[in-house]
Amino acid sequence: MLNPEQEKPRVGLFVTCLVDLFRPNVGFASVKLLEDAGCVVDVPAAQTCCGQPAYNSGDRADTRAIAENTIRAFEPFDYVVAPSGSCAGMLIKHYPALFAGDPKWEERAKAFSAKVHELVSFLVDVLGVSAVEASVNGSVTYHDSCSGLRELGIRQQPRALLSTVKGLQLREMADADVCCGFGGTFCVKYSDISNKIVSQKTERIREAGAGTLLAGDLGCLMNMAGKLKREGSAVEVRHVAEVLAGMADTPPIGGKG
Amino acid sequence: MQITSPAFKQNSRAALADTQLQRALGNVRAGFIDKRRKAIDALPEFDALRDSARAIKNHVLENLDLYLETYERKVIETGGTVHWAETAEDARRIALEICRAAGARTVTKGKSMITEEIGLNDFLEAEGIRPVETDLGEYIIQLRGEHPSHIIAPAVHLNRDQIEADFRRVHDHLPVARDLTEPETLLAEARKVLRKEYFAADVGITGANFLVAETGSSIIVTNEGNGDLTQTLPKVHVVMASIEKIVPTLEDAAQIIRVLARSATGQDMSVYTTVSTGPRRPGDPDGPEEYHVILLDNGRSSMLGTKFQDMLRCIRCGACMNHCPVYHAVGGHAYGWVYPGPMGAVLTPSLIGVDKGGHLPNASTFCGRCESVCPMKIPLPKMMRHWREREFERGLNPATSRYGLKFWAFFARRPKLYRFAASLGIPFLSLFAGNRGRFRHLPLAGGWTKWRDMPAPESRTFMQQWQQKEALKQEARP
Amino acid sequence: MSGRDAILSRVRKALGGVADSPTRRAVVEARLGEAPVGVIPARGQLDDKPRVALFGEMAEKVNATVQKVKSRAHVPAAITDYLRSKNLPASVRMGTDARLAAMPWDKQRALTVKRGASDGDDEVGVSHALGGVAETGTLVLHSGDDNPTTINFLPEHHIVVIDAKDIAGDLETTIEAVRRKFGKGRMPRVLNFVTGPSRSGDIEQKLLLGAHGPRALHIVVVDG
C-alpha cells in the first residue's frame, strides 16, 4: 500500500548559515510554511553554508569544496528551499557557473540548481499558495533584498502573501529596491560606506512610518536592525517567513526597544 | 593624471565627510535615475535594443582586426589620416606632432574620457600649448584643476556657488559687479568666453562615441554643440578613440544610439549626434582642412580573449554609476583615477593594474543594479568577482581577511566540525547578550559595531534545536 | 614593427590566433554589405499625417518650436513673423540651398538675406533639412554650400525648413535616404542629427538652453 506521504513533495530545507546561527525561528517558520503547503521537510545535517563568503572573496577552491558538499547533501530531495534570496541565488545561478566545464560535476550541479528555490517564490510560484493563515496587528514595510530581486525576480510574491495576513497594513517605503549596504564582507571591509548606505535606508524606513520592517534575507535584516537599534528606533525587524507563518511573537531581530 | 586608487578608503572617508559633495550627490540619485526610468517606460523595445546592441558589439570584437582595417581604408579614402597608438605615450606624442605641424597655440577640446586617460591636457600644457575644454562641465573643472567625477557629467560634484566662485576668480577681465547668482547667468558667461576660444583654436580635438567602418566616419554625441564647434572651426580636427569604438555600419550605430542617451540622461536622443567623415570637400564653405584619427590601444587588446572582454562593450553612458549605492555615497573622485563607479571598478584594474586598482572591485555589495541598467548588458559584478579571484590568487588581500576567510572556510568545508564549533560558540555568544538581544560592542567585529548594534543569537542553533526535536519525534514513534 | 602592425597582431593573437582569412573577411564584408537594421521602435511607424504630427510633438518636447505652413511660398513670411515675435533684427544667414533660394524672399522687403557660411556674427541662421525623424523629433542636415554646418551652430536662433514628405518614422529610413543621395559607403563631410536647441545640465543638473549652439530652434514644416 502506498505511503500517503510519498505523494507529497520532499523538500530539503537549506536553512542558511545566518538563520542556523543567529535566528532559528526563521528556520522553524520556513518548515511550518512548507508543511502547511503540503510538503515533507527534512534538514540534512551535512549542510553548512552556500559558500558566498568564499566565492565573493575570490576563493573558488573553498567555494567548490563547500558546493560539492552541499550538492551531495541535497541530492535525495525533490526540491531544495532556502529562506534567503542571496543563498538561493548562489545555489541557483552560481553553482552551475562554478562547475562549468567540469566533466564530473557540471551535470550534477545543473541538476541540483534546477531543484533550488527561494522560500516565498517556492510557495507562490511552484506550490501555488495564494494565502496564509496568519494575523498581525500593525503596519509593515518591506525591503527587497538585491539578490532575490535581481537574480531571482522576487518582488511581487512576498507582497501577495503579506496582503492575505489579517490586520496587516503594508506601507511601501521609497527606494525599497535599493541596496541596504550589507553586501556580505563589504559591510565590515568598507564599513564607513556601508554605514552611509544603511543610514539612507533607515531614513526611508522611518519615512514609511511602519512599525515593522520585513525582508527575505537575514543578512540584510541584521544589518538594518543593527542600524535601527543603534539609532534608537522602535521599529521591529523580522524575517517575512516569521510573519507569514504566524510565528512573530518571539523577540524581533536585535531585540526590542 | 595622478592615481590615488590605492587610497580609496581614505578618499571615501574624506568624501563622506564632505558636506558640499554629499549635497551635490543628491542630484545624481534623483535626477538621472528618474529621467532614465521615464525614457525607458516610454520605449517598449528598449530591452530588445539592448540585446541587439550587445550582439553588434560582440560581433565587432570577434572581428576587430578586420573592422579596424576596413575603417582605416575608408578614412584614408575620404581624405583623412589614421594614426595607430599602442600606448598613452604614443597617443600623446602623435597628438603633439599634429599640433606642432599646425603651429597650434590653442587647442579646443570636446569632452573625451580617453584624453583624460592619457593625460593629454597636462602634457600639451607642458609643451607650451593651451588646451581649452569646451564642454561646460569639463570647462568648470578645468578652471579648478580637477578631474571629472563622472564620465558624462564631469562637474556633478559641484554646487552653483562653487562654480560662481571659480568664474569670478578666472574671468577677471569681466565686471566685478555682474550678477552670477542664477545658473542661467553662469551659462551665458561660459558661452561668451568659450565662443572666443572656438575661433582662436588652431586644432580641435574630440573623442568619438562611435567609429563607423562602413563609411570611415566618427560620431560624437553632445547636448551643447561644443563638440561640433570644436571640430568645425579650427583648421585641424583630431579624433582620438580607442579601438573598441568601432561599429560596422550606420544602422549599427543607430541601434546603440537609441540606448545611449536614454541610459545616460533619459533623453531619447542627445541634442547633437554628428557623423563626420574626412576633411573639407570641394564645395564645403566650412569645416577643417585636415582630419586625423588617433586609434588607441592602451590595454584594450589585453582585455580581448579574456574574462574581461565583455567590458569592451561599454559605451560610456554612466548609467551604472548613476544607480550605484557606493558611487552615491562617495562620488567619483574617491575612485582615484579616470573611471569611477562600477565600470571604473572593472576597467581601472585592467588599465593600471590590479595591484593599484584592487580596492575598486572590492568596494561593491554586488547589488547588481549596475548590470540591470547597463544598456550593453555587461555583467559587471561577475567581472568584479574575477578581479577578486585574481587578487586572491596573487595574495593581494590584506592578511587579516585572508586568515579570517581561511579560518571560516576550514569549518565550512567540514560539516561535523562546523556543527561542533557552532554548538559551542553560539550558546557562548548568546550568554553575553543578556536580555537586550543585541551587542553594542563585539571583539573582532569592530567593523560592524562601529556603526551598528549586532543582533544576538538565540541560545542554541537551528540545527541543535531541529535535531533535538527530530530525536524526540523518533522516540515518540511506536 | 609599426604601431599599426603591433596593435593588429595583438588583437589577432588575443582572439585566439586568428588570421586575416578569406572566410572571416567574407563574413565581415557580407555584414557591411547587408547593413541589417536591427530593432526599429514602433513609435514612428505611422501613416503620413500622424507621423508628421508625432514629429512636431517630439520636437516640442525638447524645446524646439514648430510651425506648419501650407507651401514653400509661405516660408519667408513665416520667418519674418518669427523674427518679429522674438524682437530680432530682420536679418538671416542661409546657404545656397535651391529650395530656399526659390522662395519669395523679395516679398519680405524689410528682411536682409545673407548667404554663405556663418562667421559667428549672425543672430539667426536658416537651413533646409535633408529630412527628419518622427520617433525623436530629430532634424537631419548635411554639410556643403547648400546648408553650411556653421549655420547650424553659431547663430543664436536656428530656423530649419523641412518638407513634411521628408519626415521619416525612424533613423534607419533617413540613413537609407543619405545612402541614396550620396552613394553606398559615402558620406558628406558632416551629417548632423539635431534634436532641439543646445542645452546643458552641468550646473546642479538644472536644464539650461543655449549652451554653445543655438538657444532656440524653430522648425517650419512645409506641407504639400
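Order of writing sets the chain letters: A, B and C. Residues in each chain are counted from 1.
FYI, a contact is a pair of C-beta atoms (placed from the backbone, for glycine too) under 8 Å apart; a residue touches a chain by one contact, two chains touch by 3 or more.
Just so you know, these numbers come straight off a predicted model, no measurement behind them.
Path length between chain B and chain C in the chain contact graph, taken as the least number of steps between touching chains: 1.
Per-pair tallies of C-beta contacts place B-C first.
Distance between Cα centroids is largest for the pairing of chain C with A. Centrality by Cα centroid goes to chain B. Measuring from the averaged C-alpha position of chain B to that of chain C gives a distance of 30 Å.
Once the centre of each chain is set as its mean CA position, chain A and chain C turn out to be 53 Å apart. The distance from the centre of chain A to the centre of chain B, each centre being the mean of the chain's C-alpha atoms, comes to 32 Å.
Chain A has no residue in contact with two or more other chains. On chain C, the positions that touch chain B within their shared complex are 2-4, 6-8, 10-16, 18, 20, 24-25, 27-28, 31-32, 35-43, 58, 62, 95, 116-118, 120, 135-138, 143-145, 148-150, 152-154, 171-172, 175, 178, 185-206, 208, 210-214. By the touch criterion given at the top, residues 24, 27-28, 31-32, 43-45, 48-49, 52, 56, 59, 62-70, 72, 74, 78, 83-86, 90, 134-137, 140, 153-156, 159-160, 163, 183-184, 186-188, 190-191, 194-195, 198-199, 213-217, 223-226, 228-229, 232-233, 243, 248-252, 254-255, 257-258, 265, 267-281, 283-287, 295, 297, 301-302, 304-306 of chain B touch chain C in their complex.
Across the interface of their complex, chain B is touched by residues 15, 17, 19-25, 27-28, 43, 45-49, 51, 53-60, 62, 65-66, 69, 73, 146-147, 150-151, 178-179, 181-198, 200, 222-223, 225-227, 229-230, 251-257 of chain A. Within the complex formed with chain A, the residues of chain B that make contact are 9, 12-13, 16, 325-326, 328-330, 362-369, 371-372, 385, 387-393, 397, 401, 405, 408-409, 411-415, 418-419, 422, 426, 433, 435-438, 440, 445, 447-448, 450-458, 460-463, 465-467.
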